[in-house]
Amino acid sequence: MTKMEFNQLKRIVEAVLLAAAQPLSLAQIGALFTEEEAVGHEELARVLQSLQEDCAGRGVELAEVASGFRYQVRLDVHPWVARMWTERPSRYSRALLETLALIAYRQPITRAEIEQIRGVTVSSNIIKTLEEREWVRVVGYRDVPGKPALFGTTRAFLDYFNLKSLDELPTLAEIRDIDDIEPQLRFEDGDAITARIDAGPQDEAVDEAGADAAPDAGDASTPTPDTDDAIVVGDADTEENRA
Amino acid sequence: MSTEPAEVSAADAPHGVFAPVPQQQEMPLAVVKGQPVLEMPQDLYIPPDALEVILDAFEGPLDLLLYLIRRQNLDILDIPVAEITRQYMDYIEMMRELRLELAAEYLVMAAILAEIKSRLLLPRPPAEEGAEEDPRAELVRRLQEYERFKKAAEDIDALPRMERDTSPAQAYVADRNVIRLPPPVEMKELLLALKDVLRRAELFGHHAVKREALSVRQRMGDVLKTLGDGVFHRFESLFDVSEGRLGVVVTFLALLELAKEQLIEIVQEAPLAPIYLKALATADDQDGIQPTEAHR
Amino acid sequence: MTKMEFNQLKRIVEAVLLAAAQPLSLAQIGALFTEEEAVGHEELARVLQSLQEDCAGRGVELAEVASGFRYQVRLDVHPWVARMWTERPSRYSRALLETLALIAYRQPITRAEIEQIRGVTVSSNIIKTLEEREWVRVVGYRDVPGKPALFGTTRAFLDYFNLKSLDELPTLAEIRDIDDIEPQLRFEDGDAITARIDAGPQDEAVDEAGADAAPDAGDASTPTPDTDDAIVVGDADTEENRA
């Protein structure tokens, strides 16, 4: 190989920097070329400068940090990039939902009163979670020994559920008539809920792939004509397990 | 870009003790003691270590057969069974003599070849000429089937692939922390939770049938919050006339309810004197010292 | 945030793709935007196309593979990138590649069916390696005694080999029927054959016969897949062990 052209050098250096897991120094980049390729440090510096200029207006930049050069995501687009690592929310426990419901309908109410109605202890974590979410707050204290806190719901609670006031909460009579047959809302049926939650955007993609994986189109000599009957486990199941 | 390691090509490979290089560009079959083996030796003498390599180089009897056929540029559809069988048997025999571990499949193939050969040798009645299937047909089908996947494997190997031919391009991201979103809750879930807990508490049957004045409860909370500072507030200051008559009534009911639940204290020192209210308990109330206020 | 400008969208998508550890589907990229940002899939597709065009002449390209889009080093500059790593990429044994090919082209397929076509036993190591690489997985079980597992390829397999779908696999060779040729049932005289064989491939008559043969007959006489690589003693063994 003879002396390398500037543009070819640029292509290589860009690829090398984007494939490297960490920043590369001028010396490290230079070491990738043979003697015949004759790549000097001044030339490399010019290449790097040119690559930096190419990043103008783009979502990434070629930055020089202590240990060398690296491509990095520009700060102003980071918020979108960060959304990639948003964890899918889990599910609140039934105990939490019951506690929240009792606070909403029986406020102001103490923890002991909630426990009395529910018949079980209310964990501090539940109250803490509800307070952190700013759905409930302490509205006062009951004048009994220990001065227990009285909990009530907040404006944020009303806002989240699109209510103008607590008036708009369904009456208890209406609640009694709520149809709780819908499986995905039945709290007993934890699996159904999980399945619904899991059906995020990534699963769409998985389904697409399943369609792509059509076996052997156009090949007439498949030895397994009855595959449809023979396959016991469906595609979706395995995808699910892998996820 | 001579970046690839220098390749040993058939042309410049030394060939001494082994058979002459065939015309077609054949790559070394094996390298034994630094010497490339360019062709399967034609005579019966094969250095033992070379044979081992050769045997390793074959992916089974079909592969060996294919090799024997292709080496001679023969059409797979028209195999001279007798000759191929003889060559095949030679290899098998050599392997046995050298006590190489021979996969059973090789012997099965030997039997198949022998059977085909014998069927071809048998004279067939002229009447049935053409009607009977060629005894080689099944073997030919298998050979072809194997060969197409042997070729497919080479094709797949030739596809540009990660690591060998390309690498993912990635940029550095300053903050890869995972964002955790709070779980969503639907109103219906909340109601079902309530329904459930109320059913358990058997509250439906007793006194929960009537429509609850929920706004009174909300107002109770609001009043308590106002009184949360622990000081006395004038009764009138708790009302907002702009809310109209209904608002006043709701506040009044809330005050009565709070008094009934012993959450507030209502004080009037003399008839028609100002009424003051304060919460019976507050957060900074734990030591029992009531804050004193001037306007009392 | 209101409707997003095309250029801003491009900056974000480029950054997102370069930040992601794996290919991203259109749906996955789309899910990063809020409703108010109103980023439609058609617009995203245009953005991706524009980003692809921007890669012209550069050292990286925006490739579309089975599970989505990813930036990757162009093949022609990869040799320099590879110099960064001391470890050589793994080579795969013929046994492994043939097994993989059978699963890819004939899926769903059982191990016994693979063995039938290859004429040899498929070692458990090969299946294990293929599964560990997440190139193949069990997609079901055939409803015959023993309920043998049916294997299929995964999206990871397609991604690894730069394929969008199984359709893009190289076409399989045709199977020719034995009836297509002049029936030569009479067993030739053994001596005559020997003579012909002894003449070797240089013999003109044989060359003619070679013209009838499959087009790849020329290089088919090497039993190794990598025709450009000699088999070094023991190489097959190590490949196998590694598999």
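All chains are identified by letter, namely A, B and C, in their written order; residue positions are counted from 1 within each chain.
The rule is simple: a contact is a pair of C-beta atoms (placed from the backbone, for glycine too) under 8 Å apart; a residue touches a chain by one contact, two chains touch by 3 or more.
If you're wondering where the values come from, they're calculated on a predicted model, not measured in any experiment.
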Chain with minimal offset from the mean of all protein Cα atoms: B
Farthest chain (mean CA position) relative to subunit C: A
Distance from the mean Cα position of subunit B to that of subunit A, given in whole angstrom: 17
Computed distance of Cα centres, subunit C from subunit A, in Å: 32
Subunit B-subunit C separation of Cα centroids, rounded to whole Å: 18
Multi-partner residues of subunit A (at least 2 other chains): 15, 18-19, 60, 71, 73, 78, 81, 83, 221
Set of subunit B residues in contact with two or more other chains: 1, 3, 145, 167-171, 173
Subunit B to subunit C touching residues, read off their complex: 1, 3-4, 7-8, 22-32, 36, 49, 53, 56-64, 66-67, 70-78, 80-83, 103, 105, 109, 117, 120-121, 124, 130, 134, 136-137, 140-142, 144-157, 159-171, 173
Interface residues, subunit C side, partner subunit A - complex: 7, 10-16, 18-20, 25, 27-28, 30-33, 57-60, 66-68, 71, 73-74, 77-78, 80-81, 83-84, 105-109, 113, 137-144, 147, 150, 152-155, 158, 164-167, 172, 175
Subunit B residues within the subunit A interface of the complex: 1-3, 145, 167-198, 200-201, 203-204, 208-209, 211-212, 214-215, 217-218, 220-222, 224-225, 227-228, 261-263, 279-283, 285-286
Of all residues in subunit A, those that touch subunit B in their complex: 1, 15, 18-19, 21, 23, 60, 63, 70-73, 75, 78, 81-83, 85-92, 94, 97-98, 100-102, 104-108, 117-119, 133, 138-144, 147, 149-150, 152-153, 160-161, 165-167, 169-173, 175-176, 178, 180, 185-187, 221
Residues of subunit A defined as touching subunit C within the complex: 7, 10-16, 18-20, 32-33, 57-60, 71, 73-74, 77-78, 80-81, 83-84, 200-202, 204-205, 208-209, 212-217, 219, 221-224, 227, 229-235, 238, 242
